[in-house]
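The following pair of complexes shares a single chain, chain A, combined with chain B in the former and chain C in the latter.
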Partner chain A sequence: MNELVVSELHAGYGGAQVLHGVSFTVGEGEIGAILGPNGAGKTTLLRALSGMVKGRGSVRLDGVELLGSSPDTLARRGVAHVPEGRGTFMPLTVEENLRLGAYVRRSGVDADLDRIYGYFPALKPRLKQAAGSLSGGEQQMLALGRALMLRPRLLLLDEPSLGLAPLVTRELFRIVRAINEQERTTVVVVEQNAHLALGIAQQAHVLETGRIVLSGTAARIRADEQVAQSYLGYRV
Partner chain B sequence: MAGFLQQIVVGLGAGAIYASLALALVLIYRFTGIVNFAQGELAMFSAYVAWQFMAVGVPFWLALVLALAVSFVGGMLIERVIIRPVEGAPELTVVIVTVGLFIFVNAAAGWIWSFLIKDFPNPFPSGAIEAGGLTVGFSTLGVFVVVGVVMGLLYLLFQHTKIGLGMRAVSANPDSARLVGIRVGWTLALGWGLAATVGAVSGVLVAPLLFLEPNMMGGVLIYAFAAATLGGFDSPIGAVVGGLIVGVAETLAGAYVSAVGPDLKVGVPLVIILGVLLLRPQGLFGRAVVERA
Partner chain C sequence: MNESPVSTGESTATVSSGSAAGAVPRARAGVARWRWAVAGLLLLAAVYAPFQLVPFHVFQLTMVLVYALALLGLNLLVGHAGQISLGHGAFFAVGAYATAIPLARWDVPHLVTLPIAAGVAFLLGLALGLPAMRLRGLYLALVTLAIAIFLVPLLKRFEEVTGGSMGLTLPKPAPPAWTGLAEDQWLYFLALAVALVAFGLAAGLLRSRVGRALHAIRDNEAAAEVMGVRLSYYKTLAFAWSALFAGAAGCVYTWVIGFVSPDSFVVTLSITLLAGIVVGGLGSQAGPLFGALFVMFVPSISQDVNKAAPGVIFGLLIIAVMYVAPTGLAGLAGRAADSLKKTLRKG
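Moving on, here comes the complex of A and B:
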């Protein structure tokens, strides 16, 4: 059971509190979308989940508390975070980037590389190329591939659509969905493009100035026109 | 002509030593972005450690291995205890800390072993190879071999081991390195240990050529800075090529430019540093930071 239960999560930087008691649940093998405007605290939320910023409250994965552990410890427990800006190891090759994703694992790494090329065939001809020379879309695929190499129990995606062409973004979300279905990985995706995120998520949570102001099934949130206008800033 | 080539051989021999210390500088710079002004003093201290082992009867090569081990652990300890608290502090703070370390290590060596010069045995046989009018001493050849082996081992470590991959990942993107599960703190300490070990090799190579005394690495450090600047501060290959070029330039300037002569040749690295910073700040092999967003 890789159910993620976040309750009363407070987090921030120095004296500045960004999250004021965030609570939500993402079921085992489900995709939870976190929506909201710029500055709502979406990135901080993911950073708290992966240990990059300290938080108070409780974050449980399969009943085990994650808060208070360092990012490298959480990676060893199966939390993979694709950060804002993709976190590429620019001067290293594409293959090295992928192998680093499996840094904490010992066996089955080569087989997993093949699995990643299955999801992202575009990466295969570029294996020996410096990752910094990839396009934005390719780097996002590389970042996702690197996260998958961990064989994560919990996958955290920060704005995967940022800076990508609409076609590339759609392809990427299709792959995220496929990964989620095939590997039963629990996913939290933070996204400004609400339409795309709602298309793959089961549950959605709207974050505004550090609080969850609305939670529900993706279908319900998409259907609620008033919600769409006031929180997501677009007409359905 | 033979005299000229002979000078080049001499220059390369000196350059290989500068290269080894420049390698240590580059290692730390790549991992932590810190220019370690104390690198030469740490190398000097390591040479003393080797000398101390020999003084109590340990044979040279075993003393060397022990000194390298002590240097490795010492380098790691310095990172954990002295550098860690200023990690992420402004560059000037870190520079001041390494300058403080320079003075401390220098004084500590003088306090422990006194400032009187000591004889340090040359591990290589005294003869020389003569070919085509050129004379290459075994000790010069020995220096080449040692620096070559060090380079080869570093290459294997970085390109063909998982630890090396992790170290390169930390230097490329520490935050992402954390997210894939690398213990970044320990990796940085490992980098310092490694640099101290490489520096120890240069200390042990320098000690027989000069005399062993607490200030022996001062000049070498300046040449190593010139070498690292010339080669590119983030490039190990650059450090070695830079070291060789600096060694040759210094020797030729001392021999053929009468205005420079043996007394002023220590000014050569200064000219090189200035020239590189003006014309090609990233050095010969360094990366100018240009990446696709």
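Moving on, here comes the complex of A and C:
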């Protein structure tokens, strides 16, 4: 059971508190969308989940506490984070980037590479190419593929649509959905593009100035006129 | 991040080689074969050279190998792991003294001093790697610089062990009779053997999982960490390995010179080494060799040009190289080789 239970999570940078008691749950094998305007604390929330910023409260995956562990320990426990800006290792080749994704394992790496090409056939001809020479969309696919190399139990996606053409973004979300269905990976996706995120998520949570102001099924959030106007910026 | 100074000429070469799926591996195999050919020719020349040159030139080549060894270590740290050290001369000095003291006191065989020097430097590197876990950039540079600065007075202070300012004079390794080699040739081949083993070790290390982890830390620390790379472990290890090679260089240096004194290891040595690897080519396999040639020959050649200002010429040349070849001499050589290959293919 890879259920993610976040309760009363406080986190921030030095003196500046960003999250003020965030609580939500993402069911096993489900996709949870975190929506909200700029500066709401979406990225900080993901960073707290992957150990990049320290937090107080509780984050449990399958009942085991994640808070207080370092990012590399959490990676070993199956938390894969695709950070803001993708975290591509530009001078390294595509293949080296992917192999780094499986850094915590020594076996089955080649088989996993084949699995990734299944999801992202566009990467295969570019294996020996420097990752920095890929287009934005390809780099986002690489980042996602690299995260999958970890065989994650929990996948954290930070603004996958950022800077991508609408068509590429839609393709990317389709793949995220396919991955979620085939691997039963629990996913938390942070997005400004609410429409796309609600299209693949079961549950959605609206974050504003460090607090969850609204939670519900994706369908309900989508239907909520007031939410659409005040938090998502447009009528869905 | 795209214009990272460490991207080497070869990676650009592979990027530009056709987009068709089949063409890429073939181009890679071609590059690999070409590299082996160059390496083989170099090795042949390296073995042949000492029989053709006068002893002084053989000595100079031996010193090139010594510097290359030290730069190999520094390249691991700066070029591959993305850390900085302004105190690498200290590891070199520690290797030199870890060789000199056992030789002077207990008259141990020369070969025994190599593992001692490398081991002592490795341990010191581990210890100094601890601040590297927490410090970055300029702060790390300052801490390592401080180490280089206080080492010289420290060596002078413990006169009973280190010989103080007078230094220690030591026997050089004698060529075994069966080789029929002169002393300078024997020293050269010893240095060559140590350098070959070290370059092999470093290449193996970098091709492994460890190498990938170091590159990941260099390119994006945060992303490396969320992928499970333990930063503190690898940063410390990079320092230790780097120090090991510098220590081995100090050991061979002592064999070759037969004399150590604190004033051979002043701060400028550390800075020269850093300049050497940047000029040679950070993160490139040939970088240490190019850097060593630069560090060894530029001062002595510029002395012939103008006795008053070898330092000025050395400095101006560094600036010039950085302008013409931001990826170092190795990058420049790679680009030259690429355009040569292209011309040959067309012709």
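Everything below uses one rule, namely that the second predicted complex is superposed on the first by the 236 of 236 C-alpha atoms of A that agree within 3 Å, B and C clash if a C-alpha of one lies under 4 Å from a C-alpha of the other, contacts with A are read in each partner's own complex, and residues count from 1 in each chain.
In the analysis below, contacts are C-beta pairs under 8 Å (C-beta built on N, C-alpha and C of every residue); 3 or more make two chains touch, one makes a residue touch a chain.
All of these numbers come straight from a predicted model, not from anything done at the bench.
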**OP:** Judging by the criteria at the top, classify the pair chain B and chain C on chain A as clash or fit.
**Re:** clash
Original post:
Looking at the overlay, does A:Gly41 come into contact with chain B only (first), chain C only (second), both, or neither?
Top reply: neither
**OP:** Return first, second, both or neither, reflecting whether A:Gly132 touches chain B, chain C, both chains, or no partner chain.
**Re:** both
Original post:
Thinking of the overlay built on chain A, is A:Pro160 touched by chain B (first), by chain C (second), by both, or by neither?
Top reply: neither
Original post:
Touching A:Lys124 in the superposition: chain B (first), chain C (second), both, neither?
Top reply: second
Original post:
With the two structures laid over each other on chain A, which partner does A:Pro91 touch: chain B (first), chain C (second), both, or neither?
Top reply: both
Original post:
Which partner does A:Gly210 contact after superposing on A: first (chain B), second (chain C), both, neither?
Top reply: neither
Original post:
Where on chain A do the contacts from chain B and from chain C line up?
Top reply: 50, 52, 70-72, 75-76, 80-81, 83, 87-92, 96, 99-101, 103-104, 132-133, 146, 150
**OP:** Mind listing the chain B positions that touch chain A in their complex?
**Re:** 162, 165-166, 168-169, 172-173, 175-184, 287, 291-293
Original post:
Touching chain B in the complex: which residues of chain A?
Top reply: 50, 52, 70-72, 75-76, 80-81, 83, 87-92, 96, 99-101, 103-104, 132-136, 146, 150, 163
**OP:** In the complex, go through chain C and note every residue touching chain A.
**Re:** 1-2, 4, 6-8, 11-12, 14-15, 19-21, 24-25, 28, 209, 212-213, 215-216, 219-220, 222-231
Original post:
Which residues, counting only chain A, touch chain C once they are in their complex?
Top reply: 50-52, 70-72, 74-76, 79-81, 83, 87-93, 96, 99-101, 103-104, 106, 124-125, 127-130, 132-133, 146, 150
